[in-house]
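Dropping the structures in below, format is structure tokens.
The two complexes that follow have subunit A in common; it is paired with subunit B in the first and with subunit C in the second.
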Partner chain A sequence: MVPDEHLVERCLAQDDDAWNELVARYSRYVLAICTQGYRLQGADAEDAFQDVFLRVYDRLGSLRDPAALRPWIGQLTRRVCLDRLAAGKREEPTDLEPEGIDATIEELDDAFAVREALNELPDECQEVLDRFFCRDESYRMIGEELGIPSGTIASRISRCLARLRERFADG
Partner chain B sequence: MSNSPSDPVRGAGYAAGRTAAAAARLVADVARASTDSWAGAAGAAAQAGALADRLETLAEVDADAFAAALVALGDPSPELQSQMERAAAVPLEIAEAAADVASAAALVAERCDGLVRADAAGAAALAAGAASAAAHLVRANLTVTPDDPRLARALRAVDDARYSASRALDSET
Partner chain C sequence: MSYDEERLGELLRKLPPAPEGWVRAAQELPTARAALDDLVARAEADAELRRRILTDLEAALAAEGVEPSSALLADLRTRLAE
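Here is the complex of A and B:
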């Protein structure tokens, strides 16, 4: 996976593929902040999502540290969500921060970091970890789907988690 | 300990789910106690923790399904069939998750620190018992016939769990 700083560099050079990659990389993160963090729904969430990426497009050149792309997008998203909540309410946006929002964003940051590290693993590890931890599939079902003896799935998952941990430590 | 007349009746599926969840927590504890001697211990602990969470949720879901099935049986309605189907589906999930706990326990028993090996083997035996109890509930459900694929899956889970438990118990010798 291309590091964020290289992705930013290519976006600033008007590389369309890089922009597509940036949106693909951060779309779930932005949407999660809008919907889980600020409880925006339906059209409100979609509008906020569009607004965030418009601002990213307009302001990417002002990002001082390209390696800090994720926290920068996170802050932009929070600002957009607050503006949307404040619209028509005559309240200061800061009064509209949902309770526990910092903890929610922290959890989303952790989840995003794990997902990034997962993407760096070999396909077979991504597959087995996703099936067990995200889809709640049983060892037998995983074994049948992947053509692996079910009695070996637990040790395979352990090995993949150890590799994930290494990636996480390296990152 | 006794239930008051107003307490909900939770049934054997709930107990099987909680038992398998407790076994999974024990597996996680044993694995964590072995991180100095086994590189895969943290991964085994994470799996066991995930299985415990899954089984605790399934136990609660089973209690609800069981209560709804009891009500439906006492006062038959068009929903009876679907309530009974649900009352069979949840124990099947519990049986399969319990089999996974036994499998994780076997792995941990074979690799863990010798001081805690008996605990991993005990967890495997508990999980196998929970799988058997849950599979029995699938078999006893009025909507399940002898050639029902759900029953075949439940019995396969019991076989898997027993095999894993025997592996775990053998690891002590």
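Here is the complex of A and C:
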């Protein structure tokens, strides 16, 4: 996987493939902050999501430490969500921080790290773990989609989780 | 850092995929931004075009082949107001 600092460098050189990769890498994280951290839903969540990536695109050149891309995007996302919550209200954005938001972000940071470790696993493990845990697909659905007997899905998930644990501990 | 399998599963569940359309729209930002820059440049040189764009921002963006997200609409509105 391309390190964030190289990804930023390539984005700043107007490499569209790098931008596509950056969006793909951070889309889940941004969405999770919007929806789980700030409880934005529907059109509000979508508007915030697009606004975050527009700001990232416009301000990427101002990022002092490209290796700190994740916390920078996290902060930008928090700012965008707060601005959206504050729109039409009298409160200062800082008064609108949901209770426990720091703990939620910390949890999402851990989730992001696990996701990064998942991306280092073979495709078959990425696929089955993503479908089961992230897309909430049943054994039957996974079996049909991947063309493998549904009776073997549980053991594959178990085996892939063990590999993920090893990979994550190493990383 | 080390987690057991149950905790890893719990953390994986925290990051479901964003809707494909949202991701695609964000990935198309460089193209959208270029189209926006071109539109603003033309509007600055043509008062009638600028007026028409301000009358219907969504239609103006759509005519340029840009999916009009609220962020891009706000950006276009701001730039034309400057």
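We take it that the second predicted complex is superposed on the first by the 122 of 171 C-alpha atoms of A that agree within 3 Å, B and C clash if a C-alpha of one lies under 4 Å from a C-alpha of the other, contacts with A are read in each partner's own complex, and residues count from 1 in each chain.
What we mean here is this: a residue touches a chain if its C-beta (ideal position, glycine included) is under 8 Å from a C-beta of that chain, and two chains touch if they have at least 3 such contacts.
Nothing here was measured: the structure is a model prediction, and the numbers come from that model.
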Examine A:L31 and indicate which partner it touches, taking first as subunit B and second as subunit C; both and neither are also allowed. second
By the touch definition at the top of the document, which applies to A:V8: first (subunit B), second (subunit C), both, or neither? neither
Answer with first, second, both or neither: which of subunit B and subunit C does A:R140 touch in the superposed model? first
Per-residue contact with subunit A, leading partner among subunit C and subunit B: C
Using the superposition on chain A described above, determine whether A:D51 touches subunit B (first), subunit C (second), both, or neither. second
Return first, second, both or neither, reflecting whether A:R165 touches subunit B, subunit C, both chains, or no partner chain. both
Tell me the contact category for A:I153 with respect to subunit B and subunit C: first, second, both or neither. first
Contact residues of subunit A, present in both the subunit B and the subunit C interface: 133, 136, 158, 161-162, 165
Residue numbers of subunit A touching subunit C in their complex, please. 14, 16, 19-20, 23-24, 27-32, 36, 46-47, 49-51, 53-54, 57, 107-108, 110-115, 118, 129-130, 133-136, 158, 161-162, 164-165, 168-169
Could you please specify the touching residues of subunit A with respect to subunit B in the complex? 132-133, 136, 138-141, 150-151, 153-155, 157-162, 165
Which subunit B residues qualify as touching subunit A in the complex? 39-44, 46-47, 50, 54, 96-97, 99-100, 103-104, 106-107, 156-157, 160, 163-164
For a test of understanding, state which residues of subunit C touch subunit A in their complex under the given definition. 1-5, 8-9, 11-19, 22-23, 25-27, 29-30, 33, 69-72, 75
